[in-house]
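Labels run A, B, C, D, E and F following the written order; every chain starts at residue 1.
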Amino acid sequence: MVDVSHKPALFREAVAAGEIRLAPATLDLIEANQIAKGNVLATARLAGIMAAKRTGELIPLCHPLPITHCEVNFTVPAGRERIEITATARITAPTGVEMEALTAVSIAALTIYDMCKAVDKGMVIGAVRLVAKRKSVPAAGEGSMSKAQ
Amino acid sequence: MVDVSHKPALFREAVAAGEIRLAPATLDLIEANQIAKGNVLATARLAGIMAAKRTGELIPLCHPLPITHCEVNFTVPAGRERIEITATARITAPTGVEMEALTAVSIAALTIYDMCKAVDKGMVIGAVRLVAKRKSVPAAGEGSMSKAQ
Amino acid sequence: MVDVSHKPALFREAVAAGEIRLAPATLDLIEANQIAKGNVLATARLAGIMAAKRTGELIPLCHPLPITHCEVNFTVPAGRERIEITATARITAPTGVEMEALTAVSIAALTIYDMCKAVDKGMVIGAVRLVAKRKSVPAAGEGSMSKAQ
Amino acid sequence: MVDVSHKPALFREAVAAGEIRLAPATLDLIEANQIAKGNVLATARLAGIMAAKRTGELIPLCHPLPITHCEVNFTVPAGRERIEITATARITAPTGVEMEALTAVSIAALTIYDMCKAVDKGMVIGAVRLVAKRKSVPAAGEGSMSKAQ
Amino acid sequence: MVDVSHKPALFREAVAAGEIRLAPATLDLIEANQIAKGNVLATARLAGIMAAKRTGELIPLCHPLPITHCEVNFTVPAGRERIEITATARITAPTGVEMEALTAVSIAALTIYDMCKAVDKGMVIGAVRLVAKRKSVPAAGEGSMSKAQ
Amino acid sequence: MVDVSHKPALFREAVAAGEIRLAPATLDLIEANQIAKGNVLATARLAGIMAAKRTGELIPLCHPLPITHCEVNFTVPAGRERIEITATARITAPTGVEMEALTAVSIAALTIYDMCKAVDKGMVIGAVRLVAKRKSVPAAGEGSMSKAQ
């Protein structure tokens, strides 16, 4: 575990993305809310957010981070052969939140897989990567789980 | 998940309450420490505190909050037909701890239910609600899991 | 913790119920899917199911039970002043799943509270109770997480 | 992780023990229930039981085991310079519960340490070991979380 | 959550695979055990196994499954531009372990990412998919966490 | 739970130690990396670090602390009859991290026990104690999970 005890607490944001490839017919069922297990994307969004909060438990050398924000979004490109997943995580802390964003994407993708596996045996999760990352000195008076005014 | 990344870290306190209705004979057993599973209120207090610490894992859109205090108390009104439960949670953070206090009350009540269900089939948990909530600018020099001097 | 090591593994089902009282205007927002935090009932359903799976971690003397089913449902009575929550849990095991069903109801109610607390300060969770419980010898050839053929 | 997929599900019991050495004055405070943090042994007992249920999360290569029993007991030898801790775990499963019993002892000891550390700086936890272990074919009709009739 | 209460407990195995694409220089560092955070593949293996055990906590509608085996292996194809990850999970239960195997692969991949991200900014996780799945009636006398003699 | 809401956030460090006594032949197997379950010390190190991060879940009255560092080290004294374990935890917070360091030592020792128990029935964990503890005002500009500049 990297020692971040003496690093400055900066505002941190990370954006990760990924995709799950599936059959267009599966996508039709998801959009028509006809998957037997329930609303696929709403469930996957929650699963991703909840996993992001527990990243420090899952990835052995990640610091436990009380994140101040996580969101997970889905888009379907024109070809309709995949769902693209994007997750953003934020915190003010001495270390970044890449792993939180990547974990959110991965668990959201696995949740889609779980909910659709009864109707689609050929799904593949891929292109899971970091797409953006930034840090900045928090503004005076602004706070976070780890920042005082 | 509400983005609280840019909100100020204030001292926050929330008080929640609830009750579990039970038979007076059950209450007698609890007070005489004669419930087979052990000391009911001591166990319920710990269960409530431990659950408060994990609120962010249980409530999907709650922020993970390293709370600086949680206490759970019990009182028995004259009618002796119920136990009233009160929980207080505290933190210095950009978001409040209502859910932590409410979770502590709920899990404490469920624990009483679990320990007494062999002798009382009619218990009902109710009146779980927020009773107070306040926030203030932390004093200079004071700290918390999320506040520096 | 009650020693159930030598009790027979029976099919067990428990049904619990509860309610959250809220303003009719809040209910309108929920039904119109206009609560800022997202789909309230879908989120509460998942939170309840996920909590049921972790009951053994939350209630100190509950056995860890690999449940084979949990469902959470919501109904709104004509008066429109509350949401009724029902949860069913099932397993084949030497001990029952009342606490799993009650935990599902409680965490589902707390999740509704969390998602609506920005618009409704007067919600109260109540009437959390066991409504049915049954056990039976599992049919030959039927299985469960804890039953062999 | 050892593959136990094809081993028979036997009734298993393990007993572990350990001790925490502390000042006689600390022991006096514990017995008089005057430690500020609360009832020390009741809290340690629950912590040990709850940890036993989560052994599979803590010890990387342990199987997750839905134990059917765990108890934790304390005795104070005449010398009054230590508390002896004993824990018993049971299950019917294809693998044993030594680690569950040992984890219960260890976390119970750490909890005593935590509750008394404000008044005793010299405590030492030791002699944590397995003291007994047995297995037997479960009787017909007997069950467990992992045994059918 | 699909109700599997009345399905037979069969022996189940699932094999999942995936990959993480990285720079050959990163692979050199991993193989030379020169990544500052420690032994990358040993850590990723453990993270994958530990996550498989907690799949039911991460994927909202997965059953909690006390798996009897999980293994995670790594291979490096000749091109040396990626690490291939394979995970196998086993149980005797009324439902399968695809999600456990897929979760093991995903978290192992994320752990490699975490350990190498300081030296490689271009890693991509992909090709996460189920590669095999089988079930069979357990042999008489064989057991598992969910099988009796 | 001690109320630390109004205590200053200081830099805190705690060092704990402990030992596991085992047969020299077991030590030989560990050092030769011939224990069937895998690399013993690497696994124990990770288990200790991961447990330290979850101390607040295991010890009932511990505050949840987003630690900024944890390391676990092993040494073998000349007598070769035991492995000495040392763990260090760090944070900037209003309360200390003794329990995090002690938990890391304990779970690391239990993990060694688990991995070697097939070949050594006489292991004993002991001498688990706090060896050092310090706190200081964090330097201006330095940060931590709970400190801003």
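As a working rule, a residue touches a chain if its C-beta (ideal position, glycine included) is under 8 Å from a C-beta of that chain, and two chains touch if they have at least 3 such contacts.
Not measured: the values here are computed from a predicted model.
Undergrad: Look at both sides of the subunit C and subunit D contact and report whether the same residue positions are involved, with over half shared, or different ones.
TA: Different, since under half the interface numbering is common to both chains.
Undergrad: To bring subunit A onto subunit F by a C-alpha fit, how many degrees must it turn, rounded to the nearest 5?
TA: Here the rotation carrying subunit A onto subunit F measures out at 120 degrees.
Undergrad: Please tell me the distance, in whole Å, between the geometric centres of subunit C and subunit E computed from their C-alpha atoms.
TA: Whole-Å distance between the two chain centres: 30.
Undergrad: Quick check: how many Å separate the C-alpha centres of subunit A and subunit D?
TA: Roughly 37 Å separates the two chain centres.
Undergrad: Approximately how many whole Å separate the CA-defined centres of subunit E and subunit F?
TA: That gives a centre separation of 27 Å.
Undergrad: Could you tell me the distance, in whole angstrom, between the mean C-alpha positions of subunit B and subunit C?
TA: The separation of the two C-alpha centroids amounts to 19 Å.
Undergrad: By residue number and range, which residues of subunit F touch two or more other chains?
TA: 1-2, 38, 43, 46, 50, 54, 60-61, 66, 92, 138, 146-149
Undergrad: How are the chains arranged in terms of who touches whom: line, ring, star, complete or other?
TA: other
Undergrad: Going by the touch rule stated at the top, which chains touch which?
TA: A-B, A-C, A-E, A-F, B-C, B-D, B-F, C-D, C-E, D-E, D-F, E-F
Undergrad: Looking at the complex, which residues from subunit D come into contact with subunit B?
TA: 38-39, 42-43, 45-46, 50
Undergrad: Can you tell me which positions in subunit F touch subunit B when the two form their complex?
TA: Subunit F residues touching subunit B: 1-10, 56-57, 60-61, 63-66, 92-95, 137-138, 146-149.
Undergrad: Under the definition above, what is the set of subunit A residues touching subunit B in their complex?
TA: 11, 46, 49-50, 53-54, 66-71, 90-92, 138-139, 141-149
Undergrad: If we count contacts the way the header does, which residues on subunit E are in touch with subunit A in the complex?
TA: 1-2, 18, 36-38, 43, 46-47, 50-51, 54, 58-62, 98-99, 102-103, 106-107, 109-111, 113-115, 117, 121, 123-130
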